Structure formats: structure tokens, C-alpha cells
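When the chains are written out, they are named A, B, C and D in that same order, and each has its own residue count from 1.
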């Protein structure tokens, strides 16, 4: 289906800027202890006003010490390579599926962060018992289906779980979290906060049951945070 | 109620010194793993002998990599901006409320540190079972009410819980800890030690019940520490 | 049995390259928090086409700050010293036994990483409930026997447990993990991922029972990962 | 009882060397996450062949960023100051008591490391279920009595618990660990390993009961490690 064989000249600057951003954002994953070794990946969509969009992602199996803008690879939204010296991340098909089916998504992140993965291994959603969760996720962080790597089933599971949900994070069963955002940075933020709330709620439940937050308060917190927080 | 439209010349040096201190102290929050991403904030009161006090605080949603003295913002004690290029932290109203109602407080810190937040999510105070807790907090670390962000209810909850208490820390329910001090540095110290004791007591209780410390020993430890510890 | 009294001239370049690699890989152990103080060690086999193989390993009781290529020592596959100013690691006999009895192994790593050691102290294998485990270990991470340091019993326990297993990691009872690989780098990767899955599965089980992964899916994941992942 | 009013000329070089070592070893406490803020301290005995020994220790309440050899203070073995611009650590009396009553001890360390403190808060010894514990501590890590800071009761509790014990570490009830060694470095090593085994055994017990190690094996491991490990 994809017809581009190289990055169009009109997208050159946008692709290069995305490579810079995506490379820099990868450093946030070990910084906040979301990944070990070469695990985890960040991608960003490059919008093409004149044709099909592209995505920028980390190559497969590359050390976090070797991640530079030039090392990033560019792929079609079917996951095949357009530009780069190395194979794209083995999770590229899942990222690409999300971009194809959720046009509002501009960034995707995948990690195996410990506490989020622990909830995922039990197939249990994270209940919304922290104001930070209401702010960022607008409710519980949901669980997606078990899916085998290598075809569309991971991407489909992400999209089916997150479409129509307030949550920017899904815990793929027995696997780990995927997060989405309007750009790569907001997807990385969601990955960081997903692990943070996964850990704090886990720790809280170790010694008893956390107190629920009334739905009206969850709604009010979510509304405010989406509209007020940060710089405009 | 606030009439100043800029920092008075007589406070210039004090405000600039506070910006230096507050910016530098923010680095302690990620250093001791009390915050992720842009969460958490430190403020300090600037006393104005000739009129209303001011406060210096971090802007909203700014990365810990971008925190410099110049990036700090100055606010009235009603939370409105006096000086700075960016919006103040979304928690400024809570800090300001504390300064208005507790004149002895010179610094306020807010984090979502994991273990303190876990106790807060259960609405459970941290029992005083460590000599370090008796030293710094003089007893248990208390829980404050559930409060919605955006009006005075967080500030009110902090003040009602800490006024008349030995504790410099309050665990706001389903939210996280706020700490106070005579200046920003001592409030940051309290935030660091609050998480430390939250974690150690949590870990201890995972395998049994920690032994209580007799009230007379708590009192003796608190007296000594407040009067003897550190350099004079 | 060993007749070499020094590194043969024909192996000089290969030994020096192995010293560089082994020294650099030691930095990964504290980086991923697998070791404290001087604990832990990495070794690599140097193949000798004209005679007996050698191994390169860290000296005993040396700080991670002092690990340089020149500080590494070279030993016979019976564990005795060929080259180096210091005594080889006290675990050298175990590494050497593995190289003697598993010719396909090119690298060995030993750590006392916390979560893997915790499973080892209970003598309990780590069940395969994460796709990352299926990828890297092809099933559960098995437990080896209790063995005293100082003779062949640790090496024998490793070999008896891992020979014929898909797993690159064994949890030696009451002791800690040993991992193997085709070279030192892949054995270090296995050590990093062993701790990662030990921690995530531990955390998951703290609040319930993780969901099993069907054997056919474990097999499919393992096959794909061994053949597809990374750069070729 | 102490008559020296300054460091004798004959001890100058030895005192300065001890200041260097003690300052550098303090960096190991935050490095291995044994302390937060200004908590924790390391001391070393300076032997005086011609009279009373001295000790070098960290001043009270000083940031780990400000620890230099010159900032270290020198005290009599009754805890009073001989040389230095600041007050000695508030734990100096406990260190001094140990040096007075255990002439074989050359270094003392005190931390509030999380897991060791958690066992201490329950007043429970750490059972010897890891080969690393048998190596370093020769058996369980024992608990000392509850003691108030500020007189000899902490020092007495340490000495009564460790005299005649193989263990270099004692968990002071509701307080935290103290460790001893032939010099400051070996006491720091014991502090690092004490937290390591406190954590691993804690984690192991969270999901069941660790397997005991037979006493004869504990004895054999301890003998070997004390006599064989490291460089000679």
C-alpha cells in the first residue's frame, strides 16, 4: 500500500526535527527507570499534508548509549522501512497500527516498566485512587488483551482498549504498558506517570485498601487538568 | 486585596536570593526520588517589612532540566502573579494559603513521593516507630482531608492538620504529602525525611508489626533534636 | 593439566580485546543495580584454535571504580592464573567449570541481584508469566542446587541445570543468579533481564496470582525472539 | 579524662590520611542509597602509640555535597572535639564508646538504610539464609536494645550485642544499623552488605519462607571468606 521509497523533500525538515525529539525523549525512559538494556521505544508521527504520514522510531536492539538522531529510523504507517541503516524496533507494527487507526495520536511509547507490568501480568486494571491518576488518565488504567508480537494483534488490542477511553495508557496482558499522546513528549509523560501511579497504588494496596475517589471528583480533576495545567 | 504590581525595589535582593535558593532546592526533589516528570514544587516566603509578603515558586509544568533562578515566579500571598514569564505552579493557591494562615512558616514543599502517597491513598497516618520520626516529626505523620485542587480547600486542609501539631508533614488524602519549615530548605528536608520514614515503616509493616516507641521517649528525642542537632 | 605459562603470542590480540570488552561490561552491573560494593563478575572465553581455551575475568574484591582492561586477569579453564597482577575472582572455578563442560558458552556472569536472589533463597523458580521471559528465557528461570563455594560444586550445579534448558539463567539456591551467553555481552544481557523479570513477577505476585501464558505462546515468542529480534 | 588539646605533631600525617579516607568513604553512603539528606556517618580510629587514640568523623548536619577532608572533625575517644570548625556528628558518643570498649575496631558506620531499619523497627534479627550473609556476617544479623540518643546507651547496646559475635552489624531497635570493621572501609563495606542482605531476605520472605542454610555450611562459608577472599 505504501508508495514512498524515500522521505519526500517537503517532509525533510519535519522528519529531522522528529528524529531529534524522538532521540532525546528516549533518554527519559532509563532516566525514570522505565526500561532496562535495550527494551522500550518511543515513536512520533510525521504528518504529510500531501500524502501518507510517516513515523520515526528507534531501531531494534540498540543500546540507550547509542541513540542519536541519525540512528533513528523512518517507517511507513504499515511498519516498513523508508529511511535508516538498521531494522526498526520489533514493536513498530504495533505503533504503526495505532497511528493508522487513531488519527488524533501523534506519539506512542512502549516500556516494560516494573509496576505497570506487574498489574498487566495479573490482567488487573489500576483503580483510580490518586488525584494524579484522575488528572492524567481520567479514571482507571485499563488492561488490554493478550497478544502475540509480530502481527497486528498488539496494535488492535491497544486501539480497541483506548478508543473512546480517557486513558492514555493501556496495560497489555502479560506484556507491559503502551501509552499514547498528541506527540511523542506527551506519550512519554503518560508512560512516566503510568509507572508512577502503578507503583504508588501497588504500594498502597500492600497494607490495605486505598480509599476510592468519588466519580464526580475524578471528573472535576480530569477536566481541570486537561484545560488548566501547564503553560499556554 | 493585593496592591503590588511589581517587586518593590527594597525587596529586590531578597527576592533574587530566594529565587536562587528555591531553584537550587528543586534539584533535591528528583535527587532523592520524590518526584517524576514535572511534578512537585518548592516555595519560599519573602518577608516584606513594609507591607505584604511575597512568595517565590516554580512555574507550572516545567521540566526539572529547565529550572533556573530566572525561571522562578513571584506571587502575592493570594496566589496571583507579580513577576515571571510563566504561570505559577497549579499548587500555588495551596502554598499561599499556608503562608497567609501560618506566619511562622517560611517554606512549603509538595511532592507525590511514592510511599507517602501510598499512606495518603489509604488515609492512614504513619505511626511513630522510628527514632528518626520522633526527631523530625515529634510523633506520627498525620493525614489531611480529601480536597479538590483549584480553590482554598487544599490549603485549608493543610493548615487545619498542621496547626498545633509537631509534624512538619501532612499526607493529603488520595493526593500526597505537603511539608512546611521555617524556610524552603527545612521544608525540603521534611519532604525528604517524610518519604524516608514512609518507606521504612511501610517495609517494616510488610512482615509484621513494628514495635512502638514509648511517648516519653518520643518526647525526649524530639526535644533533643530540635535543640541540639546540626551546627549552631 | 594446563601447560600454558603465559598468553601465547597468537592469542594476544584476542585476549586484549576480551579484556576491553569484559572491563566495559562490568560497568553494566552497577548501572542496572545488579551488584553492590565489589560483588559480581563477568567473564569471557578466548578461543584458542591451537590448544586450550583461556578465560578473562575480574580480579577478586576489586572496586567497580578500579576496573580497567589492564586490571582484568587471564586464567586457564581450570581456574588457575595465566596473566595478571591480582588473584582472580573467587568465583573463577565456577566460570571455568561452565566453559569446560558447555563448549557453546562464550560468556558467564554472576551477580547477587536482589529479586533473583530472593527467589533463590526460597528455592523457587520464576514462572513464565511475561512475554519478555518467553522471549529471553523460553520458559521459567530454574533453580540450581545449594553448593559450597571453593570447589566444583557450583559449576556442576549450573551445568546440570542449564544443559538442555532454554534458560540462560539459573538461580543457585541461597546464593544468586548465574547467566550464560554466546559471549560476555549476551550473558550480561541475560543477567539484566533475569533481575528485571524476577522483580516484575515478584511484584505481580504480591497482590495476587499472575496469569499463565499458554505453552504454545511461550514457544512462539521464544522462536521469534531468537530469530528475529535485533540487528543482523 | 582527655588531656590532648590539639592533634600531636607525631599524629599529623595519620590524622590527615584518615580525614581523606573518611571523607571519601562518606560518598559511598549515598552511592549505595544507605542515607538521605545529612543522615549517616563514618568514623575511623587514629592509633596513638604514645598516648590516647583519636577518632575522625563527619560534622553534624552537613550535606553530602559539602564533605571534604578539611570539613572532617577530630575527637577524643570520649567524644569531645580536638580539631575542626564544626560540632561533631550527634552520634559521636556512640562511635567513641565502641572504640573505647572494642580495641580491635578501627572503623564505625551508622546509617538509617531502609531495609535494615525496617527489621530494626520490628526488633527482629535477619536470619542467615544467603551465602553472602554467611560470608560477611557469619550468621544472623542481631538486634540491639532500644536506646536514647545523647548518652552512652547506644554505644553500650552496640558493644554488648557485637562483642563475641561474628557479625559486624547490629540493628539498633527502632533506630537503624551500626557496623564495625578493622578500618573505616571495612565498616562501610559491612554497612553496604547489611542493607543488601536486609533487602534480599525481606523480599524473599514476602512470598514465603526462605530455606535455611545448615550451620556447618554457614561455618565453612565464613571461614573461607575471612581467609581467602580479596587480594592479599
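What we mean here is this: a residue touches a chain if its C-beta (ideal position, glycine included) is under 8 Å from a C-beta of that chain, and two chains touch if they have at least 3 such contacts.
Each chain and its UniProt protein: A, B, C, D = L-ribulose-5-phosphate 4-epimerase.
Keep in mind it's a predicted model, so treat the numbers as computed, not measured.
**Q** What are the mutual neighbours of subunit A and subunit B in this structure?
**A** none
**Q** Would you mind checking which chain's C-alpha centre is most distant from the centre of subunit C?
**A** Chain B.
**Q** Shared numbers divided by all numbers used: is that above or below half for subunit B and subunit D, i.e. same or different?
**A** different
**Q** Just how far, in Å, is the C-alpha centre of subunit C from the one of subunit B?
**A** Averaging C-alpha atoms per chain gives centres 46 Å apart.
**Q** If you average the CA atoms of subunit C and of subunit D, how far apart do the two points sit, in angstrom?
**A** From the centre of subunit C to the centre of subunit D is 32 Å.
**Q** For subunit C, jot down the residues that touch at least 2 other chains.
**A** Residues 206 of subunit C each touch two or more of the other chains.
**Q** Using the touch rule from the top of the page, what pairs of chains touch, sorted by label?
**A** Result for touching pairs of chains: A-B, A-C, B-D, C-D.
**Q** For subunit C, which residues are in contact with subunit D within the complex?
**A** Listed in rising order, the residues are 36-39, 59-62, 86-87, 90, 112, 114-115, 117-119, 121-124, 146, 148-150, 173-176, 202, 205-206.
**Q** Enumerate the contact residues on subunit C facing subunit A in the complex.
**A** 32, 129-132, 189, 192-193, 195-196, 199-201, 203-204, 206-211, 213, 217, 220-221, 224, 228-232
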